[in-house]
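Every chain is named by a letter (A, B, C and D) in the order it is written, and numbering of its residues begins at 1.
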Amino acid sequence: MERFQGRTDLALEATERFEDDQVEISGVKITEYYRQETDIKITKVVIETENGSKVMGKPRGTYLTLEAPNMSVPDEGYHREVSEELARQIVQLIGDRQKEKSVLVVGLGNREVTPDALGPDVVGNLLITRHILREYGKIAMEKEKVNAVSAIVPGVMAQTGMETLEILQGVVGETKPDVVIVVDALAARSTRRLNRTIQISDAGIHPGSGVGNHRQALTQETLGVPVIAVGVPTVVDAATIVHDTMESLVDAMGQSERLRRLGDSLASLDTSEKYQLIRELISPQLNGMFVTPKDIDETVKRIGFTISEGINMALQIE
Amino acid sequence: MERFQGRTDLALEATERFEDDQVEISGVKITEYYRQETDIKITKVVIETENGSKVMGKPRGTYLTLEAPNMSVPDEGYHREVSEELARQIVQLIGDRQKEKSVLVVGLGNREVTPDALGPDVVGNLLITRHILREYGKIAMEKEKVNAVSAIVPGVMAQTGMETLEILQGVVGETKPDVVIVVDALAARSTRRLNRTIQISDAGIHPGSGVGNHRQALTQETLGVPVIAVGVPTVVDAATIVHDTMESLVDAMGQSERLRRLGDSLASLDTSEKYQLIRELISPQLNGMFVTPKDIDETVKRIGFTISEGINMALQIE
Amino acid sequence: MERFQGRTDLALEATERFEDDQVEISGVKITEYYRQETDIKITKVVIETENGSKVMGKPRGTYLTLEAPNMSVPDEGYHREVSEELARQIVQLIGDRQKEKSVLVVGLGNREVTPDALGPDVVGNLLITRHILREYGKIAMEKEKVNAVSAIVPGVMAQTGMETLEILQGVVGETKPDVVIVVDALAARSTRRLNRTIQISDAGIHPGSGVGNHRQALTQETLGVPVIAVGVPTVVDAATIVHDTMESLVDAMGQSERLRRLGDSLASLDTSEKYQLIRELISPQLNGMFVTPKDIDETVKRIGFTISEGINMALQIE
Amino acid sequence: MERFQGRTDLALEATERFEDDQVEISGVKITEYYRQETDIKITKVVIETENGSKVMGKPRGTYLTLEAPNMSVPDEGYHREVSEELARQIVQLIGDRQKEKSVLVVGLGNREVTPDALGPDVVGNLLITRHILREYGKIAMEKEKVNAVSAIVPGVMAQTGMETLEILQGVVGETKPDVVIVVDALAARSTRRLNRTIQISDAGIHPGSGVGNHRQALTQETLGVPVIAVGVPTVVDAATIVHDTMESLVDAMGQSERLRRLGDSLASLDTSEKYQLIRELISPQLNGMFVTPKDIDETVKRIGFTISEGINMALQIE
């Protein structure tokens, strides 16, 4: 049975498909914890085996999800508590905070398309140090240990004519960072996740992911250095939303007291017949349509600031 | 029977609800024509009576709709053929092109919210003449007859703390234009209409219309001079899209060969039960969510230019 | 003797013309104080008589100047100390902080011209309350006393075809605020003052002031309510800079040891001959040219935030 | 004698220093022609020898300057006649229009700084083809011969922490274009040249050139492929303007009838004494200050469009 899965870049949402089935997926470890003081829920999905990777539809690696319901709402400090949690998680993925490193931060996405501008926005607020270190040395930074931070906004293929991977292979080859951090806007399955979830992963970024279409994988394999991906879902495919509600309708028809008489007949449809039906009904005009909150312009700028603060904290050696 | 109508600012879409019923609505006249050379379809809905107004859910007046499928796609000349058609229709609504007039153009909407920035964008491209005429006279324009064109972007209530109506009553009272043209981004019911439809009306703009919430009507009654509204749908409510697809599902269940056995039971639900069911299932998280095409940033700018060119042409006395 | 005065909107700079002459100007009172803890110098110029007004080239009223050298440089808190000082001074000019008032803030200038966008930027960050008070009452604000704050960005005459005064007379007539606060970008005489000086005045805004050209005075006389003007110099006329340096040259020629032999001959030129000479030499191509620092885009945004915070503080009743 | 030369990126202005002297510079060939039908003056400066390079303060190569006085003023067609002339000159520098080439266009400068945003603006309007050719082949372009056009906006060092040269060496190494075209905003010596002059050169871009500071040369030597630089002066150093006017003053003193008595004494100053005097008097506060016309925001966008159209024409094989 092939399921309509809706488009999601979140490993967390990929696990949810299996929740009802109460099945443990072999090769996938899921742990959750909740920080009461900051109201942030952290879910860690580790995909350990090829089998786990196949079932989840995501490459092997660690996927951390921060769910911070308040992030979609402005506050005075740009949600410093979220930046701090993000910094903590990035530091763990990079490892050995005390060792000086050279880090290249990549802001993926199209700055001309509001919900896709998250990556470029984040890069705009970073503390860039590499050029200062190279020109004046650590003394200019008044610190004993300093990471060399550089950044680039490569643009999207329609603007550059080049694969993002080509540009980054060139820049990484020339400037030789120890780690690459890639920031991107993601698509979620559920509007419930929009602008309030951060995914951090050491599995890199993969074809067809993101709001834009960065087609070739940006991973340790292709770039030659560890790649940490940081993403926030800023859109939901319009078709996904329609699909999900209709699925609820079909389910309700099978369950609701009032609709029992319908349920009886629906019960006689098998699952693939049900999904075939839904797929047929979703309007082809929804292709290329996205669902976003009305205040997305302001929200993306604000969250971009929260993310860049998190990266700034993570890259400072104390 | 109360029907879920989905939110639409288009009189054209309001008429479509009745199409299946093959009913003529008393007090409403609909005429259509098609310009082959420009591929623009024009629908004229005249709501003549209070009854027509009630049935349509729109105030009395003339509503012209230009459907220009190509408008959502860029071309070299910013769709000059659309600007020309728009100009022709505005001129007809204003009447007596040869008489010199003073015209105030109002760009409604929030320039910080991409799909709502159409009005401000249009005003940014207008040929403003009033101040030149007042300072130097017609001689500065090298024409025999010149309309005095002024313009304002009043902003939305969350930014100004004032009703748009208050601001415009003040400005109209002080500068005494003969006509007001109000430009606004609209909400449509169907993604099929997004960015390819222009509605022109002499009925003004009404509470709850538009993407933003301009609550008090801008009409000849409230402003004291004729008000011509020009609008383009740039968003669809997310809930509307879901609703429409679900409606198709319910309908399909009643009709499809394959689903006849379901249809029998659905037939036993009356219409209001059906709509109640749909409404319950639409996620409350869709509130405040909009569906837009991905390239909305660029599209709004481009269409804004087409509209302002149309107004510029309409306001030039040849 | 007619002096080339260079264009300045700062009363402070107008007084400097007389400093060398060690003359007290009758009808003008100048007091200065310095806040060490914040490094802000405050100069208060009160023009009390018609004579004072004539000599100063400014209308009667109180002109406060805050000189905050650090304001042109970013800091973490957007120079909260400057916002606080600004709030204190505005409160003094408005008077009786405990009385509830209705305040209209006007952001003058052209948002499409970087150094002139200060007014629109400030309005974008204000806490607007009037619409909330009118719809839900004070209870929605959870305070005992609340000022009703509204705001408007009228645009410049080339965009609107209307005098700013016409628009404001309309809006003030309709919404009847108790006080109007007008925010504008100013021109200074000296680059030393750019982006680090705030002028606050109860004399309103006058013809030909500002970076743009708001030709009719916005004052208590024309608007019917007290008008408080807040301005920051963001540009210097290119001609002014050239003029000032040349004046130094001519002076140096009269004084320098090395140039004594020139001085002797220069001494024989009278003042008006000297200024005539300078004026002739200033290139007409400098007309319409402005001098700004390279980072003006970022600086205007930042200072706009400092100013709007100051106004927000001033308009909150504690 | 060391002369204060003012900062200029224009070879044309470098030649002007010698004009009074009526000297031919050995190793430098200057030819001029004027196209009456388009009112464009073209000056070709070829620096042929090391000596010529030293005297001119520019590396060897061909420098074409288009002077189009109308370019600083808007017209309906975005000055298509200038785009066409630019295309013609670029084609000549690239050579062999009929041979298919891969061309990388680089938009230098900082998109957050208005007068420095020319390069990024130009790239935003280019016809990018490389990715289409690679994915679908020439057939998708419906042409027999197509150049593969790619583009990048590398950002400035303060944003990236990397030298522009490092980024470009990486990208060129990876994507192997046949030619690189670099677009940049320049500094001129005279406000007379602002926004109405285009310089096209095969000598690349050099340290300290441009409005920003792209420190390492982008040339055939460093990038391994021919580099064509296209630039438009959008600013003048404030100090340069002051200097030039003062120089006129000093000259006038030596010449003017009225000032003969001064002239006699000035004649006794030698040239280096005169320039020393001027330099001392220029205010250090002018450092980092630029002179731009007030409408620079709009002008840069408009000229960016003219330039990108010129490049688009040059890169199309007919």
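In this text, contacts are C-beta pairs under 8 Å (C-beta built on N, C-alpha and C of every residue); 3 or more make two chains touch, one makes a residue touch a chain.
Here the structure is a predicted model, which is why all the values come from computation and not from measurement.
> Subunit C and subunit D are the same sequence; what rotation (0 to 180°, nearest 5) superposes their CA atoms?
180
> How many angstrom lie between the CA centroids of subunit A and subunit B, rounded to a whole number?
Subunit A and subunit B have C-alpha centres separated by 37 Å.
> Based only on mean CA positions, could you tell me how far subunit A sits from subunit D in angstrom?
Chain centroid spacing, subunit A to subunit D, equals 42 Å.
> Could you tell me which residues belong to subunit C and also touch two or more other chains?
Answer for subunit C, listing residues that touch two or more other chains: 112.
> Drawing the touching chains as a network, do you get a line, a ring, a star, a complete graph or other?
Graph shape, chains as nodes and touching pairs as edges: a ring.
> Of all residues in subunit D, which touch subunit A in the complex?
Per the stated touch rule, the residues are 112, 123-124, 128-132, 148-155, 157-163, 166-167, 169-175.
> In the complex of these two chains, what residues of subunit C are touching subunit D?
112-114, 116, 190-192, 211, 238, 241-242, 244-246, 248-249, 252, 258-259, 261-262, 264-266, 268, 273, 277-278, 281-283, 285-286, 288-298
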